Amino acid sequence: MVGSISGLDERMTTTTSPTPAPLSARRPAVADGSFRYLALACGLAVLAILALIAVSTTSKALPAFRHEGFRFLFSKEWNPTKTKVVSGQSVADPHFGALAFIYGTMVISAIALLIAVPVSVGMALFLTDVAPRRLRGPVSYAIDLLAAIPSVVYGLWGVVVLAPVLTRTYGSIGSATHGIPLLGTLLSGGSGRSFMTAGLILALMITPIITSLTREVFETVPRSQKEAVLALGATRWEMVRGAVLPWGRSGVIGAVMLGLGRAMGETIAAALVIGSSPQITAHLFRAGDALPAVIANEFGEAADVWRSALIGLGVLVFALTIIVNSAARALVVRTDRRMAA
Amino acid sequence: MTTLTPVTTSVPAPLRIRTVTPARRTRNVVATIMICLSVAVALIPLGFVLFYVIEKGTKVFGWAFLTKSIPIDRHIGPGMGPAVVGTLLVTGAATAMAVPLGILAAVYVSEYGAANRLAGVIRFLADVMAGVPSIVMGLFIYTVWVLRFKGSGQTAFAGSLALGCLMLPIVIRGTESMLRLVPREQREASYALGSRKSRTILTVVLPAALPGITSACLLAVARAAGETAPLLFTLGIVFKNNFSLFKGTNTALSAQIFVNATSPFVGAQDRAWGAAFTLIALVLVLTIVARLVAAQFTVRER
Amino acid sequence: MSVPKVRLLGPVLALGLVAAACGSSSKSTSAPTAPGATNAPSTTTVTLASATLNGSGSTFQKAFDQDQIQAFQAKHSGITINYAGGGSGKGQQDLADQVVDFAGSDAAPVKDPTKDKGGPLLYFPTVVAPITVSYKLSGVTTLTLTADTMAKIFSRQIKTWDDAAIKGDNPSASLPSTAITVVHRSDSSGTTNNFTRYLKAAAPSSWTIGAGSTVPWPTDTTAGNGSTGVAQAVKATDGAIGYVDLSDAKAAGLTFASVKNSAGKAVAPTLDAASAALVGVTVNADLTYNPLNSAAPDAYPITSPTWILVYKTQTDKAKGAALKAFLAFILTDGQTNATASDYAPLTKDLTAKALAQVDQIVVPA
């Protein structure tokens, strides 16, 4: 018996019982070693699973890469059931160009970030510096609630409630901005299911992630810094601008990139409201398509090269999210190191 | 913009006193308004979503909703029993697989991995895995598992494999960060009393980190319960209860919402809202319990 | 020390569920159905061993299939049939991969039979129904369209509702200048296949995009997933037009246009008009046929056929027997009840041929 352990904040004390019986030397050693190997085995299993995911998806995607070559990334023609006539016979001549989907994913992620980042940073500031103490609890519970709602529910709400309402709104915005040089092109289209709607739903979904991470970053700003700035006569906004934001800058960027990673990989909500028409267009109120959404829509009926191409799109999203998440982590680690210093 | 300058010009610049000019005050007020506005912008749509889910979901929700079989699209009335069964089955099985594996892997990385390159690799790859889009998990399990079985590959187990892969990195990351928070002194004291490392881990470290680990696992379960994409190709569909994990296709609340979201039949749409209500309630309960458990942990920390 | 109970609850619950799951076998252990009492005289009264059949495919026939499954399961309580939808393309692919036992498809024959792992396929026609050209336009409740106009609308040569061509088809209607939103299918669809084949056959000069389960639609159009997705998209947008099967269009409360057939008559998409399209159609030996662009005077020109595909050689005795019984049910009771589901029955002749083909299914002894 090792003695009673109660609570992390108490120092280890032996109880009033006499000295513990000596531990026998041999049995625990075997048990100890086997536990270590068990833990190691689990670690290796995790490694194996991830390696299996990476290897099997990439290998299944190879036929499509070989079929298309670089056109896979740079061609915008996605036509899996195209046929051409060769010496009187109609043969399959599929084209798998992912550019329209890459464009769609980038556009809706950009829209989502454009909306979510200011809102999230604002909310984080609200929770750390602006809100009266009583409000902090309820508002952060509300944010947790936002995060807890599954993406398919957002998709349901988006396609049944939001999209029909937005069709009319897009129409009005479109006629209002008609003729204005840049805005007029961007804000035109008129389809409830479009890049813009998908971007809006995604913004709603990534806001809680960015907010909670940003808030953690802002909470680590040393009080001394804030108080020093305030002591010099700064207003609250100047304190935020001078002490909080610069301190947390790389952490915020890291949080934003994690949100971006989430937005890029989001399948269901995007699939329901984006309109499923792959095209590269500047009109944001027109229907489009995104990488994970097209996989969800077309995989069920795909075979052979088509299936490889869709798995290839999956590998593409995988690679993009790895890049974004690694960059995010590097930034957050840097902030952590700075805080610890 | 008036500034008060001191009488002598030899006072260094930083000591010049500035009043709070109207311009600065305005900027402060505007900034505060913008910040409060951003909270509104985020929470108002949340309110709308919840309003619709509650209003439409409670119309059809009830005991009958949770237990009756799923009727055809055309039929108006409650019935999502098989989806509830499926969600519990698939999520439960995924939890049973991912939680022990994840905790032990995190134990390895955190406790045995100090000078170990392997542990660092595992930690890095767990983070990478956390970023894999859920649809890719579903595709992976479909091509590697479902297609092996002629005609009977789509099962609740296949779905739970996909969800388990999704949960694993969350469990590992959460557990590892909780284990790291256990003070070193606790471990050292245990060693000083003659405990082996495994015994220390099992009797000192894990119990100390238990609330945090539980919280992380519950959050992983909540996330898995709400996922749809991994289940699209691995579950199939049923309309009557299927309690078998390994035999026959199954369905889940999230999959039913997705399928019914685009149905023109009013009955099917109402059931979609009811399923959304059920799912949110389930996820919310798990999240709240996770938070309560974690709160207990942080209080003890301080 | 006390372990928080919550921590134990999760794994215990999960273990309990796993144990229950492993313990229970497949669900069906019910008594055989009582023969004769409530059956319609045309059905056989064989008691079937319990089995579960999975199918996927055409969303065009999904509403009909669901009604038939419900009626069939009421008669044979040991049989469970799950039909997933997903589009004709998905059904054909799932059947080729042997992930399902039967597929629903509006397009036949299948493009590449060598992909089918289970051997040759049999095509069973089940019902026909009109593909409605549904639209939503405030203030316009009746509309007539010719193939040429439709071809131009769906290929975006006509972009507004008050275009001269549409006015020409509807001299007495007052059409607003709303922009047209074209809605089509995003998934590989037998409905798309039939609709585009009709346009190609009836208006070859205006329709140049091609015909098939997926076609390269113009970029400024919207897509919906499944027949229901298109119906929903049309319903949500003023000025939208799309092609939807009758059952889903009615459920969504859409308005349909009448189409001028090749005999020059404007025909509304009714079940009688769909049945009229079957008159005089050539049926191939494998029971595939083409009722599109029918020359019959009262025929609705965009009448879509639909089939259920199964492997000729079945590998499971119980499943094979259930499949045969289900197909026979559809071709007997199902034909009588088709109109209640908003589908038109087949001609007597075609039904007889299909029933004869049911006997060709080989079930292991």
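Chains here go by letter, A, B and C, matching the order in which they are written, and residues are numbered from 1 within each.
FYI, contacts are C-beta pairs under 8 Å (C-beta built on N, C-alpha and C of every residue); 3 or more make two chains touch, one makes a residue touch a chain.
Just so you know, these numbers come straight off a predicted model, no measurement behind them.
In this assembly, the chain whose C-alpha centre lies farthest from chain A is C. Highest inter-chain contact count (C-beta pairs) belongs to A-B.
Taking each chain's centre as the mean of its C-alpha atoms, chain A lies 37 Å from chain C. A straight line joining the Cα centres of chain A and chain B is 13 Å long.
Residues of chain B in contact with at least two other chains: 100, 207, 262.
Residue positions 1, 224-225, 232 of chain C each touch two or more of the other chains. Among all residues of chain A, those that touch two or more other chains are 5, 159, 300. Interface residues of chain A facing chain B in the complex, by the touch rule stated above, are 2-3, 5, 7-9, 11-12, 14, 20, 22-23, 28-29, 31-32, 35-36, 38-43, 45-47, 49-50, 52-53, 56-57, 60, 118-123, 125-126, 130, 139, 142-146, 148-157, 159-161, 204, 207, 211, 233, 235-238, 240, 261, 264-268, 272, 292, 295-296, 299-300, 310-311, 314-315, 317-318, 321-322, 324-326, 329. Partner chain A is touched in their complex by these residues of chain C: 1, 56, 86-94, 96, 115, 179, 181, 186-188, 212-214, 216-217, 219-225, 232-233, 236-238. The touching residues of chain C, when paired with chain B in their complex, are 1, 3-4, 6-7, 10-11, 13-15, 17-18, 20-22, 24-27, 52, 54, 62-63, 66-67, 69-70, 80, 82-85, 97-101, 117, 224-226, 228-229, 231-232, 235, 248-249, 251-253. Partner chain C is touched in their complex by these residues of chain A: 5-6, 79-83, 159, 163-164, 167-168, 189-193, 271, 275-277, 279, 281, 283, 286-287, 297-298, 300-304. Partner chain C is touched in their complex by these residues of chain B: 72-74, 88-89, 92-93, 95-96, 99-100, 146-147, 150-151, 153-154, 156, 207, 210-211, 213-214, 217-218, 221, 236-249, 259, 262-266, 289, 293.
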